[in-house]
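Below is one structure, written out as structure tokens; the observations come after it.
As written, the chains take the letters A, B and C, and residue 1 is the first residue of each chain.
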Amino acid sequence: MRAALILLAALAAAPFLGFGEGYSLTLLARVMILAMAAVSLWLLVGGGGMVSLGHAALLGIGAYAVVVLDDARITDAAVVVPVAMGAAGLFALVTGAVAIRTSGVQFIMITLAFGQMAFFTASSLAAYGGDDGYTLYGRTTVLGQRWLEDRLAFHYLCLGLLALTLFGGHVLLGSRFGRVLRAARENPLRAEAVGFRPYPYQLVAYSIAGAVAGLTGVLLANAAEFVAPSYLAWQRSGDLLFMVILGGLGSLQGAVLGAVAFVLLEEWLGHITEHWRLIFGPLLVLSVLFMKGGLVGMLRRG
Amino acid sequence: MSLGLLLVQGLNGLQFGVLLFLVAAGLTLVFGVMDFINLAHGVQYMLGAYFGASLAAWTGSFWLGLALALPAALVCGLVLEWLVFRHLYERDHLSQVLATFGVILFLNQAVRAIWGSAPLQMPVPALLEGGVTLMPGLQYPVYRIAILAAGLAVAGLLWLLVERTRIGALVRAGATHAPMVAALGVDIRGLFMLVFGFGAMLAGFAGVMAAPILSVDPGMGDTVLILAFVVIVIGGIGSVRGAFIAALLVGVIETLGRSLLPDLLRLVMAASPARQAGAALGSMLVYIAMALILAVRPRGLFPVRG
Amino acid sequence: MAEPLLAVAGLRKRFGGLAVTDDVTFSVAEGGIHAVIGPNGAGKTTLIHQLSGTLRPDAGSIRFGGRELVGMGLARRARLGLARSFQITSVLAGFSALENAALAVQARSGPSFRFFRAAAAERALNDQAMTALEQVGLGARAGVLAGRLSHGEKRQLELAIALAMQPRLLLLDEPLAGAGPEETERLIGILLGLKGTYTILLVEHDMQAVFALADRISVLVYGRVIATDGPEAIRADPAVRAAYLGEDEAA
């Protein structure tokens, strides 16, 4: 966990080390939010062996929960957060119940398909802007206070929740539940032979990851004060999966490293050319072909 | 809602299903034979449409455009196979997904850089202009019927190829016992390339055919890709027959759902919420159908491997 | 007479036209080692799959401790006390030897939908896992990742995992498979040590081991049980000699 702790400390100090102005804080918030999303996806891929290509939909559902409540003028976190987490968790539970019956390539395709379903549904919600998206009236309030309007407060909220997610994931993987989940990932037959049917454990893990993604979606909506169907696009799920693999499946902190590297790379290439994906795509291919074990693996090899 | 509308939308659905089949056939064969999941397959469809549209504009002829786009799509497919995909056959599915995702990012952006983000137009060929009268006062475009016919013809050809030829026998055997086929002295790499190129060309063909009736834009491959995944999951991964039946099913459900549900719901609720709920539900219908089918048959309608 | 611990009756399984398990009937009484032997292709593996729950028989019944097992999955049967070991070693390579065994203890020690407390810190689980490892002589290797153990040690761990389940019946699928002469010697020693405590159904290829260990032996040929008896009687049985030993004199 050392690399992740150093990163968290750096993020905590960043506003006082010359990264305190608007642009930097926006970028850092993006890093932290995506890192949180990547951690929740890591729990599925690295923890449970479930390669989901529909994770962005879960984030999007959390973000759209903010939208729906905002439209009804309900903005307090005491309502927004449980609704967002519940909606995303429920979606994960229902779609997971079907998807987890399959495995391997079918699982990938089915999660992709359900993600696309959520995407099209969001696009068809004319009341919330349809394809054009929805601009929030304001950020989520906490106990009626507009604390999150303050950029620094938002920065530390994101940091705190990222740290909590990372810690929570760590605890989860080490628990009895996590042990069964890891066993089922390594060898489902072995898990069954000692008496654990993987299905319920995987389904609960999928729902937990969904709820965490929903919480992340709340932050995502607040960061931009805007939500659009593109948040649910399958390319975003692909991005998240790339972060997880870029960081490495060897350890949970890989998700954080991967997200940081991903956003910085994207940002840097974006400054070079408008067509940055022309470079990004081949880099992705090369990293898959040649960088086994991800960044965590590289750090370990020294 | 009239019978005429139902007929037209039903035909549209079948025609969309046929296009989906052309894309899904390559995907399911490539997966069946090589155990390779290729997200970039949708890009082949997009490239076909772009090649067709720009070559048709350049030569001034739809038919020349079509004739030139097919080899162009084939070459693109083979270059990708040589450059990227063949290094992934031995890797896990996760790696395959990510690397082919990278290929999509690159090619979608390349298309934007070359042709711009605005949709391209491809005119319907003069020979297939106009419509036929289905019912008094109800015309249906000849071109759409031509797509349906061409798609069915290709499906028939594919069936003959897979079921009745030596290469087809190898493909079927390769799908279930690849190491065995290799041990018998068949050049498995060559077989892979053949299947791959063929699949790429089929998808490209679908792209050209779709170009005059759908908008040719940089994201078009992705939408089709995901529906093609739904098709092969429903059909049973690796099964061409399953892909055919599932493609028609998905095409019809998707088209009818999106066009008829808002009207249907208006029977039971007010117009405005009916339109909204209908649109939302219509776009979910295919995936709900997929979930229901998988709930009963987790391995799809025609599972290939036991 | 009390009902036997395991009673297999009329078990059948066909693959296409081939009857791989053909009306198999035998029973295992509480205590001791009951071995199933048979030449290659006799249907031993198929039988194990049906007993453990990874393959559904076409007909017949498997009663275990008074309950019908047919229709139950592998995990349910494991929880009822039927522990199986695998012929092809399938320990969790990324877990330590101790955690491999602790997982099996955990399966019978209360609910596993517990999300907070570190499982590795649960004394009760670790102590019992350690006992199982010591029973097979792996106590000193508890902290080693299972993937790093030698082949023989993995065979021992495979056994320890089954013991950690505290099963009523141990279903051992060729526990000596792939072991060298020295490892075989050690494993036989371990099995002898377990004999008094556990009821064991041993499916094994190694004749020497079977005759050294088993109290009763069933002989499976072409999917049928041709004889069930004590080792001496089996050795003398002309049908067994003809069908089995005649084919495989080296054994």
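Basically, a contact is a pair of C-beta atoms (placed from the backbone, for glycine too) under 8 Å apart; a residue touches a chain by one contact, two chains touch by 3 or more.
Everything numeric in this text was worked out from a predicted model, so none of it was measured.
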Most remote chain, CA-based centroid, reference being subunit B: C
Most central chain, judged by mean C-alpha position against the global CA mean: A
Whole-Å gap separating subunit A and subunit C, where each centre is the average of the chain's CA atoms: 44
Cα-centroid distance, subunit A relative to subunit B, in whole angstrom: 30
Length of the line joining the C-alpha centres of subunit B and subunit C, rounded to whole Å: 50
Subunit B: positions in contact with at least two other chains: none
Residues of subunit A touching at least two other chains: none
Residue ranges of subunit B touching subunit A (in the complex, touch as defined): 31, 37, 39, 84, 87-88, 91, 93-95, 97-99, 101-110, 112-113, 222, 226, 229-230, 232-233, 237, 275-276, 279-280, 282-284, 286-288, 290-291, 294-295, 298-299
Residues on subunit A engaged by subunit C in the complex (per definition of touch): 171-172, 174-180, 182-183, 186-187, 189-197, 201, 204
Complex contact set, residues of subunit A against subunit B: 45, 51, 53, 95, 98, 101-102, 104-106, 108-110, 112-114, 116-117, 120-121, 123-127, 234-235, 238, 241-242, 245, 275, 277-278, 280-285, 288-289
Parts of subunit C lying in touch with subunit A, wherever the complex brings them together: 52, 54, 73-76, 78-79, 83-84, 86, 90-95, 99, 102-104, 106-108, 111-120, 122, 161, 164-165
